[in-house]
Amino acid sequence: MHGYGEDKAKVLTRLHRIEGQVRALAAMVEEDRYCIDVLTQISAADSALKSVALLLLDDHLHHCVRQAAEEGGPVADEKLTEASAAIARLVKS
Amino acid sequence: MHGYGEDKAKVLTRLHRIEGQVRALAAMVEEDRYCIDVLTQISAADSALKSVALLLLDDHLHHCVRQAAEEGGPVADEKLTEASAAIARLVKS
Amino acid sequence: MHGYGEDKAKVLTRLHRIEGQVRALAAMVEEDRYCIDVLTQISAADSALKSVALLLLDDHLHHCVRQAAEEGGPVADEKLTEASAAIARLVKS
Amino acid sequence: MHGYGEDKAKVLTRLHRIEGQVRALAAMVEEDRYCIDVLTQISAADSALKSVALLLLDDHLHHCVRQAAEEGGPVADEKLTEASAAIARLVKS
């Protein structure tokens, strides 16, 4: 049903770490920390989030998209169009 | 000391919301939700994070950088170089 | 051999337009035009370049990757890994 | 009038190189070269374009924005808001 089966633990670990990074960002702002230091940590959280997205996308291509392409027909088209739209959202986010 | 003084409450509200978005992402993965739906939410969190960064940067330019530039000298140079490096990190993240 | 067969004319038209945008950028700098106006045109050329990349990627998924997945085996794995790496480069560029 | 005075030659050299990269991209498509190879070159051109933007932005901050901030008043506000908007366009492009 989902392509990230094997990487589920890794994905969860990373997401929990990013959640901690964002909580730490709020604490920095709460303590009036210097803007540039906050910005540096935002860039780090942003990169970490993009890395998780790329891992999920890689799993999705290797499992869901691959299976759909093997089956062929309109389902394959649909999955490919859907993956393409997700990539576009990621590139533009 | 920090340029986001006036926007502090707004920045905190947004960061808390993003923390909630990332926690919801982990819950989605925990529940084996469909990859593409997870990716859509990652793109949303990513955009929200970039918006906070741009707000902080705007405040930083209008306060810290402006003050440093008014004072002039090596401090102004330093602040401008620092802001420029933060922008580069953000553009590349 | 390439997946953008049907969109070849469209891709070429867009690339020629982007080439013109970059040449116009050089002319703006040559004429000492205002930095912010140059930056606005760079952002426009950058967005146009990303749009062409997303179109090529979409064609690549629907043709090359789909065919490779139908054939299955190590070729399918290879094509999917290759596509994934190209997406990562694009997201990070 | 423009902040990239000292870097003008460097900016022009880079823009001419990017123009060549985009022309080479069109030639690759004309010759039906492999999608992934075209995408790799698009990512390279995109990174090069962003680097020029960051150089121009750095010069703009160190010259135009610094001068406006030194003068103060509404002109300073205007320049800072304008720079901030250009940064946002770049981050989102």
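A, B, C and D are the chain letters, set down in written order, and residue numbers restart from 1 in every chain.
We adopt the following convention: a residue touches a chain if its C-beta (ideal position, glycine included) is under 8 Å from a C-beta of that chain, and two chains touch if they have at least 3 such contacts.
In UniProt terms, the chains line up like this: A, B, C, D = Transcriptional regulator.
Because the structure is a prediction, the values reported are computed rather than measured.
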Interface numbering overlap (same over half, different under half) for chain A and chain C: same
Chain separated most widely from chain D, comparing mean CA positions: A
Length of the line joining the C-alpha centres of chain A and chain C, rounded to whole Å: 21
Length of the line joining the C-alpha centres of chain C and chain D, rounded to whole Å: 18
Chain B-chain C separation of Cα centroids, rounded to whole Å: 28
Multi-partner residues of chain D (at least 2 other chains): 50, 53, 57, 83, 90, 92
Those chain pairs that satisfy the touch definition: A-B, A-C, B-D, C-D
Complex contacts: residues of chain B adjacent to chain A: 1-5, 8, 11-12, 15-16, 18-19, 22-23, 25-26, 29-30, 32-36, 38-40, 42-47, 49-50, 52-53, 56-57, 59-60, 64, 82-83, 86, 89-90, 93
Partner chain B, residues of chain D touching it in the complex: 50, 53-54, 57-58, 61-62, 65-66, 69-70, 72, 76-77, 80-81, 83-84, 87-88, 90-92
